[in-house]
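Heads up, the next two complexes both have chain A, just with different partners, chain B and then chain C.
Right after this comes the complex of A and B.
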C-alpha cells in the first residue's frame, strides 16, 4: 500500500540567469513501512524533491506541477497552515549537518520539545517525560537534556535530530543525507538506531544519499535520479543485480570492489547545467550507449521486470544487458 | 509549557499596570505616579521577564559569558561605575538636598577643599568687600549662582540620564529588532519596503525634529525619551537585519520549519535569541549616544526645565567658567565618565559575545 505518491513533480528555480529545472517530472511512491532511497550525484534533485514534498521550497524556487498524495490527499492543495500541521506531525525531516541543524542557543531538551509544543497538547511534565524517553531510546544520557548542541559530538547531535523528528510519531521520515557529515563508525551506530526505531514504529522512510553502500544496507527500493529526472526505479536487489540504465550501471562500476580488485570506471563528464538541460535523454551527453535517437526523444519510464522501471530507450538491448551483467558482479 | 505561561503571566502583569495607570490618570485625585513612572514600571517588568529571567534560567550560559567579560579590566571598571551610577540614581535623591532649593546666602560656594576669592556683601558695613570663601561639608561639590547644591543636582541628573539612556534605547531596540528581523526573515517586498523606510528615517535630521517638537509641545522628559526612542532605531534595525539574514539561511531554521514551526515561532524562538548577544552590545554602545543627545538638548536650553539634567547644569555653568568653574566641570566629568563606562562595557561585551574570538 502506498502511503505517499509523488507524481509528475516539477520544481523549477526562476533565477536571473534562467530557469533551473531542478526537479523535472519526477514520480515515485513510498509504500507503508519501507525504506525508499533517493540516489544521485550532487545537483540531481534529491533534496529539492524532498523539500517539495513538504512544500518547503523557497523563492526563487517554485513547484509548478505534479501531485504529492499523502494517504490519498494532495498536499499541494493544502493551505500553508494545513501544511504546517503535516510537517513534523505526519512527515518529519532531518538534515545533513547535525551541528547546523540545531539552534546553538537552545538546549537539546528545549529543541526536542519544540515539535511537541507545536503539534501536541502536552503538559509540561508530559513533554519532558516523552523527551527523556526519546533521548534514552536514541542512546543519549538523560543529563544531556540541558546541554547545548556545541557540547555534544556530531553523532550525538544527529541522534538528537532523530529524537526531534520522532517527537510527534510521524508516519514518514525523510532523511536528507543524514550520515554524510559523520565518520564511518558513527554512521554505523546512527543507522542502527535509525533502522531500529523505524522498525519499532512501523514508519516509512525516504532516505537520501549518494552512498551506495548505505543503499545496499538499508533500502527496500531505490530511485536513481540524474539531472532532476528519474533514471531508474527498482527494488534494491534489482538495482544491484540487474541495473537497466546506463547511468546506474556507471554508478555501480565506479564503486570499489574488495574481492575482485577491478579497476574503477568513472562516468565521464559532469552533470549538465540545468538551465539548458540536454535535449532528449538528459544523460546522453555522458552515455556510452547513446545513439542519435537519444538526442531527440525523452525516454519514458517503462517496466523491465516486475516493479523495475528504467527510463532508457535501450533498456532491453543486448549491449546494456551485457554491461549490466558485466565484469562488475 | 513554561514559555506560554510566562507570556501569559507577563500579559496579566502588564494589563494590571495599564489598568492602574488608566485609573490613576483619569479617576484618582492624587496621582500615584507621573506617566513617565509607568513607563519605567513597564520597562522594568519587561526586562525582568525577558532578560533577567532567561539569564537566570540559563545560568551556565550566563556564567560562561560573565567569565569572558570579566577578563576585560576596562569593561569591569565600566560596569563598576555603571552599577555605582544606578545605585546613586535610585538611592541618592533620598539622602541629598532638594536640587531645586534656591538659597542666595550660599551661592557660588566652591567644592570641598577649594577656596575662591569673591566680593561679598557685608551686612555690617553695607558695602562690598573681597573675601576668601571655602568649600563646606554642607555642599561638598559646591553650589551654583543661585545657591543650589550641585551634588543634589548631579544625583538627580544621574537619574535623568539613566532614564533617558535605558528607556529610549529600549524603545529603539524593540522597534529596530522587530523591523530588522522581519525584514530579513520575510525578504522580498517586505524587506524592500522596511529597509527603504529605514533609509528615510536614517537621513531624516532627527535632532531637528526633536527641537521642533519640543518647541511646539514644550519640553517634557517623557516626550523627549519617546522621540529619541522612536527615531533612534535605524542603526539597530540595519545590524539586526544583516545578522538575521545570515541566520535565516542556516539549516536549523529550515529544520525547524520542516518540523512545523510557524513564522512567528521561528522569529521569536530561533532568530531573536540568536541576535540577543548583538542586541546587548548595540544597547550598551548606543546608551551613551542617547545620554549625550539629551544632554545636548538640555545644553541648548530645550531640555525639560523641571528636571536637573546634567546638560542643564552644564549650560548654567558655562557663562561663569572663569570664576565658578566647578558648576560646569563637575557634571561634565560625570557625563564623560558615564559615556566612557558604557563604551568600555560595550566593547568588553562585544568581545565576549563574538563567536570569532571563541578559539
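Right after this comes the complex of A and C.
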C-alpha cells in the first residue's frame, strides 16, 4: 500500500539568470514500511524533491505543479498551518550536515523536546522523560541532554537528529544524505541505529544518497534521478541485476568491484545546466547510445518488467544491454 | 563546570588589571596634552580681576593663584600630586565652577546617564524590531522603506537633527520647551517629556544602525541549515524567527550595541546635551574645555575611558552566557 504518492512534481527556481528546472515532472510512490532510495549525482533534484514533499523549498524556489498525496490527501492543497502540523509529526526529516543542522546556541535536549511540545502538547517534564528515552535508544548518554552541538561528534549529532526526528513517532522519515558528513565507521553505526529504529516503529523511509553501496545495503526500491527527472524506478534487485537505463548502467560502471576487479568507466561529461536543459531526453548529452530521436523526444516512463520503469526510448534494447554488459566485465 | 568558573574568575581579574593600566595610560596622556596647550585654568579668573581694575600688579595675583593651585610646580610634581590625590578619591578642584570635581560630577552624571539609558532603550527596542521585520520581509516595500529611513538616520548628523527638532516641535508647534528644565524631578512624566527630543536626537542614529545590523545578521542566519531543521520540525514561523534565528543573529549585534554605549553614545551625548542644554557630563566637560579647567576635563575623560573598558569586559562576559561555544581560559 502506498503511504505517499508524488505525482508530476515540478519545482522550479526563478533566478535572475533564468528559471532552473530543478525538479521537472517527477513521480514516485513510497510503500508502507519500505525504504525508498533516491539516487543521483549532485544537482539531480534529490534534495529538492524531498524538500518539496514538506513544502520546505526556499525562495526563489517554488513548487509549480504536481501532487503530494499523503494517505490520500494532497499536501499541496494544505494551508501553511496545516502543513506545519504534518512536519515533524507525520513526516520528519533529517539533513546532510548534522553540525550545521542543529542550532549552535541551544542544548540538544531543548532541540529534541521542541517538536514534542509543539505537536504533542507535552509538559516540560513529559518531554524531558521522552527525550531521555530517545537519547538512550540512539545510544547517547543521558547526561548529554544539556550538551551543545559543538560538544558532540558528528556521528553523535546525527543520532541527535534521529532522536529529534522520531520525537513524535512519524510515519515517514526522510533522510537527506545523512551519512555523507560522517566517516565510514561512524556511518555503519549510524545506519544500524537508523534501520533498527525503522523496523521497530514500522516507519516508511525515503533515503537520499549518491552512495550505491548504501543503496544495496538498505533499499527496498530505488528511484534514479538525473537533471531533475526520473530515469529509472525499480526494486533494488532489478536496479543492480537488470538496469534498463544507460544512466543507471553508467552509475553502476563507475562503482568499484573488488571481486571482479573490473575497469571503472566514468560517465563522460557533466550534469547539464538546468536553466536550458537538453531537449528530448535530458541524458542524451552524455549518453553513448544516443540516437537522433533522443534529441527530439522526451522519453515516457514505461514498465519494462513487473514494477520496473525506465525512461529511455531504447529501454531493454538488446544493443544497449549487450554493449553495456560487454563493458561491465 | 567548577573549572569553567575558576578560569573565568582568573580571566576577569586579568582583564580588570589590563583595564586599569589602560585607564592610567589614557589619564596620563590627557593630563599631559591639556598642559601642552596655551592658557591656564587661572586665565579667566585673572581676566576678571584685571577687568575690575582694582589690582595694579596682575603678575603678583597670578603668582598667588599658581601657588595656591600648585600650577607653579614642575609638571612631574603636578602629575605626582594629581595621582596621589586620585588614589585618595580626590579628582581635584574645578576653578571655573569653584567646586570640587567629585561634587561637580556627582551632581551632573545622572543627566547623562538618563539621556544615554533612555536613548539606548529606545534605539535597541525599535532598531532590533524593525531589523528583524525588514529581514523577514526582505525585498518588499516595507523592507525598502526601512532601508531608506535607516540610511537617513545614519546619514543625518545628530546636532543638525536636534536643532531641526527644536525648530519644528518646540518653536513652530510649541509641543516642547526649547530648553531642558532642570527643576523637574528626575523620575517624572514631565521630565520624560522633556527628554523626548534629546532621546530622538541621540537615539535615531543608533536605531538606524542597529536596524541595519540586525537585518543583515537575521538574513545571514535565515539561510542557515538549522533554520530549515526548525521548520522541518513543524515549529511555528514565529518560533523559528524569534527563537532560532534571533538568538544567533543577536550575537554580533550585542558587541555593536555594547561598544556603541561607550563610544558613539558618549560622543553623541556630548553634542545632544549641549544642544538641549542638559547639564550632563558632556555639557560640563564642554564648558570646562573652554575654561581650561584641567581637572574637570581629565576627570570626564577618565570616566569615559573607564566606562568603555568596563563595557568591553561586560560584553566578553555576556558572550559566555549567550554563546555556549565561547570559553575563556
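Quick notes on this one:
Please note the rule applied: the second predicted complex is superposed on the first by the 322 of 329 C-alpha atoms of A that agree within 3 Å, B and C clash if a C-alpha of one lies under 4 Å from a C-alpha of the other, contacts with A are read in each partner's own complex, and residues count from 1 in each chain.
Operating definition for what follows: a contact is a pair of C-beta atoms (placed from the backbone, for glycine too) under 8 Å apart; a residue touches a chain by one contact, two chains touch by 3 or more.
Just so it is clear, the model here is predicted, and its values are computed rather than measured.
After superposition onto chain A, partners chain B and chain C are found to clash with each other. By the touch criterion defined above, A:123 reaches chain B but does not reach chain C.
In the overlay built on the shared chain, the residue A:87 is in contact with chain B and with chain C. Of the two partner chains, both chain B and chain C are touched by A:56.
Once the two complexes are overlaid on the shared chain, A:173 sits clear of chain B and of chain C alike.
When the two structures are aligned on the shared chain, A:224 is found in touch with neither chain B nor chain C. By the touch criterion stated above, A:106 is placed in contact with chain B and with chain C alike. Superposing the two complexes on chain A places one of the chain B stretches 9-17, 63-71 or 99-107 into chain C: stretch 63-71. In the superposition on the C-alpha atoms of chain A, the part of chain A touched by chain B in one complex and by chain C in the other spans residues 54, 56, 84-89, 92-93, 95-97, 100-107, 114-115, 118-119, 148, 161, 164. Within the complex, the chain C residues that touch chain A are 224-226, 228-237, 239, 243-244, 247-248, 251, 322-325.
Within the complex formed with chain C, the chain A residues making contact are 54, 56, 58, 80, 84-89, 92-93, 95-97, 100-107, 114-115, 118-119, 148, 150, 161, 164.
Put simply, chain B touches chain A in their complex at residues 1-3, 58, 60-61, 187-188, 250-252, 254-262, 265, 269-270, 273-274, 276. Chain A meets chain B in the complex at residues 54, 56, 59, 84-89, 92-97, 100-107, 114-115, 117-119, 123-124, 127, 146, 148, 161, 164-165, 167.
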